[in-house]
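What follows is subunit A paired twice: with subunit B in the first complex and subunit C in the second.
Up next is the complex of A and B:
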């Protein structure tokens, strides 16, 4: 069975609709306004937001979740401003990324970000060298983040349970 | 709540990787009579975590908002990404009771509660809406006449309009343009001004954002811009730090200086290029400074 033969309200699209940011996906009627507004699609044919929405609606979970395309969105919101159906496309793609990461499809850069957040509460580490430079510039020192508080937040939001290593998506 | 006192939110990138933005901002704001209060122990705004775990992004942002609420101050953000996530979270939690209760459940673990009593503003909003044009105009001592520059507002200063409520045009932003004109410089129009710099995906793919940035630089060059003006560290890194590599990749020469808006304003207010850390830019604004000297 090809994707075209399946219903547009697939199990996967229901999963997306029930997550924060994914609510509007089913309004899409495939007009292509998003793709023609997209600065990424303009420079590479590897990326097409209309296609991502279509495959998601048709239930191509594995293709989307384990694939590379969702990571190419710049979240510039051009498409979202123009979509006649008010599909919140960039937010839907964030939702797809959340699912992908849960399933183990984590691009290296997000492994690095996650490390930064877990260790220091920020993505750029506190450094003695940079502190010295700030002093030379006459800028006030940057205090470390409150890691006791942040560790509790990381626990509570289940972030701590995410496996930040590359692996096969389910 | 004083109109000209804000809690300064520097974010992760500016303090260590783009001091020129911070230095020039502090100089200009002090001269305009805007007080900034340092934010002790801030954490990541949440933006980089939106792709990873939406609840975490909201909670990281909300913790910063709670700090501002406690101090009774509005947040002043310099980065489009920080502005985006802090502002979005603030708006969402104010409007959506269910979501607020969920995030407050997480915050309870650290004895904090989001109450919805603060606002988040970007530097551009503070200058255009709170300080206002009249005051900025009066502070300009050395108008930058005959200087042609191009604006790059970036995305999250103006989009999504669902959360950004400052009346700027998401397809053709004007606020930064108007601020640029106050310095006496000409702000040229160019093709696809509202388009993204490409930086958000540079960690997963270099080819695509380089091509996106190249196109923008090219459009500005066609419009005869002598410099580009940004208001976000990510946009700035994309066009300034990466410019030599973009030039090498496409075998082209742009030599387009990229100034933070407060650097441009600071020059017009009479600060020296050194005071505004112009010497730390990757693309040296040699011709531009020469022109200003002989103006």
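Up next is the complex of A and C:
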């Protein structure tokens, strides 16, 4: 990741701090415990939670929101468990994703997830294969989701109002 | 009491004040006030001829109460009260008002208004002195003896200072040997010299020991006259008052007579019991009878009661050539009478096993700095070799991990401040002795802030020690390869590293010593948010506590390096000596006093008093009554503000004096603006009023300042009284809550104001007429601005109409 901005501003970190899950971002003192705890960072140098926090604190909103790195977090919460400053790193990354979604920057797979929830009440559709396997094991068939109830929840939580647009990030 | 005769002495500051204030009018006014028998005007009254005028008027019997209008009233008060006392009048029958900074200067744009205000101020002072009562001077004897708790470098140095000054010193150490944490640390930065090197007695004994620096064991420390060293001992009870404490010490048996043991070591050769040696990080074993190292004080063996078989075995008794071993020794209770107590209990390493991902206590090759220090010690368990404990083979690759449990919100949020330097010290010492060792220090920030400390960091880099900026996530162990792996990100490269190591050294947080909490309870001392002993004031009184007579030094207040510990120890010695050297505490009885008939033993005042000066004592069957210790009371009056029935009063500011002052201050207006009473504490609040005047910042003369010792003295009734007496608005001015000179006063005052606002509303009076402000000396501009704004606010609200009952 490169830092394209040449100037520094606390505007973006203020925005994050005032959103649910982003409150703790400014506690970070850049010790790197998150990066060396991260299973994703072990396999790709495209992803580094410490750098995401640092870039956010310095105000690189465009790079973070339009970029693809925030979508690589596997939500294992290792970083959050070990952070000595109690930065809720995984939650901060969710906050960043929420901002990206609002800006219409969502990878396809997340759009598919959202559609799955809205249409069938499931992130992953129930496949014929799964149903067959369950039968073999003597497990009862999966009941269809209570869509009436779910729709009410999605409406009450404003989930249904979100426009999931396919963005540049893939 | 004979007839009250008030003398009023008006200073015009070299005729500067009379350019604004109409002194002739003021004098005419004052002369007609009842009780005034003498009025004088002069250039100044706090020194020289002016002061002599006051003295003469007292000596000739013209006056027996003194009102002085003088600038910088705080300073003037000192010389005036002293002179008044020498002239034979009680020093408390004096009041000083500041016509310059509180009147002429801030109202110089409105001379006639200022003159009217000056009249009101002087009238208030006259009405007050008429009601003043003589206050006695009290003396409390103090003992010339000191208890020092903790025999580390802080305790030893402070004890040595005081003993050398002639005080009787009892040095209590809970371990069997002196030296504390320092003795185990072996060497100190930045000098790299021995940790057990202390300043030896420099006066009489210098001729014997030749130089001022010596190893503890040959320093002659124990031979300083007046020093009584009690090892294996701890404080279990403290009673009494500053200057006169009765301390109970519990001394565990050593089972070896200190006066007989010659240190021949025969006992350990026959002792059959072998246990891991905690002192030496369990890297070796010791016997049930042992000595930590040959270089300790006292150089006397000790028996570990938990493992010794005593009379079942007694082999050591048989072999001891001087019959020094006494297996029948019992725990003793020792009572000491001391004037003062110094807490020098130090700090300890935090147990890093709570950080699971570092596997301390699980992997034997993950150790702490103190454990490494034992290896570096030539007298230590490895004779100076650096090994990996799992197989005792030399450690060729060593990784240091900084900030283990420190700067960590989960465990200890603070920076322990010395661990970076300890790592640099250990790394360079090892590199010097074994240059082929590969050493890496993983750090978040290197904090080498002391004198010469940066050079140490420089030296470490020049020697080839590696630095990785990053806090390791995890330490893992490969049992087959017998190697540890440290996962860390080098942040400067943005690269994940897997450091291989034979030995990983953790730099744990430094936390308060064992037993700190219990001792704090025994002594009635406060601890800070991190569990260390809290000093009275970090800037001004770093070795004193809120319990007068009890002092602090060394790591008991926060982790410290050796130079800072020395400074702190010597400073505590000076403060203690200053406290005890006169053999008595002299103070005026400007204290609170309880009216026993009204006191309802509600426990409000004992709980509120910031100095623990109030206790409940039995009165009659099932009833208690509050009692104030004149020695401990600081005369702030926070108790007065707390008492729900008005049963407690200050001798030097009774409620009737406050009422009289209020009445006088609000008796003359002279301005077209609504009268506002500003009740200010005599500390930061009054300093803000002073400084606004000194800087000639202008505010209207309708602001009338009533000074009280602490805003916490204020009662809700007094706020109502102000309105009833004619105030259109009331300002309460106190110190900043966390800078209150009497700890809780400002906060208590705020609560009273909030409560009064609610009640005012109930009575149909706008609560905006009342406001609390917190100010300090440098905020004179804020006072002037607040006074102006408050005036505008009250003007908008219009005239307050009270229906008198």
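Rule of thumb we're sticking to: the second predicted complex is superposed on the first by the 145 of 170 C-alpha atoms of A that agree within 3 Å, B and C clash if a C-alpha of one lies under 4 Å from a C-alpha of the other, contacts with A are read in each partner's own complex, and residues count from 1 in each chain.
What we mean here is this: a contact is a pair of C-beta atoms (placed from the backbone, for glycine too) under 8 Å apart; a residue touches a chain by one contact, two chains touch by 3 or more.
Keep in mind that what you see is a predicted model, and the values were worked out from it rather than measured.
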| message | With the two structures overlaid on subunit A, would subunit B and subunit C clash, or do they fit side by side? | response | fit
| query | So, does A:101 touch the first partner subunit B, the second partner subunit C, both, or neither? | reply | first
| Looking at subunit A, which partner touches more of its residues: subunit C or subunit B? | B
| task | Answer with first, second, both or neither: which of subunit B and subunit C does A:36 touch in the superposed model? | result | second
| request: Using the touch definition from the top, say if A:140 reaches subunit B (first), subunit C (second), both or neither. | output: first
| Can A:50 be said to touch subunit B (first), subunit C (second), both, or neither? | second
| Touching A:27, do we find subunit B (first), subunit C (second), both, or neither? | second
| query | Between subunit B and subunit C, what is the tightest CA to CA spacing in Å in the combined model? | reply | 5
| query | Taking the contacts subunit A makes with subunit B in one complex and with subunit C in the other, which residues are shared? | reply | 78
| Which bits of subunit B are touching subunit A when the two form their complex? | 10, 12-13, 15-17, 19, 22-23, 26, 38, 40-44, 48-56, 59-60, 63, 99, 105-107, 109-110, 112, 155-156, 159-162, 170-171, 192, 194-196, 198-201, 203-205, 207-209, 211-212, 215, 277
| note | The residues of subunit A that touch subunit C in their complex are 27, 29-37, 41-42, 45, 48, 50-51, 78, 82, 84-86
| said: Considering only the defined contacts, which subunit A positions touch subunit B in the complex? | reply: 19-21, 39-40, 43-44, 47, 68, 71-78, 80-81, 88, 90, 94-95, 97-98, 101, 107-110, 112-114, 116-117, 121-124, 127, 130, 133-134, 137, 139-140, 142-146, 149-150, 152-159, 162
| Residues of subunit C defined as touching subunit A within the complex | 357, 403, 407-410, 444-445, 469-474, 487-489, 491, 494-496
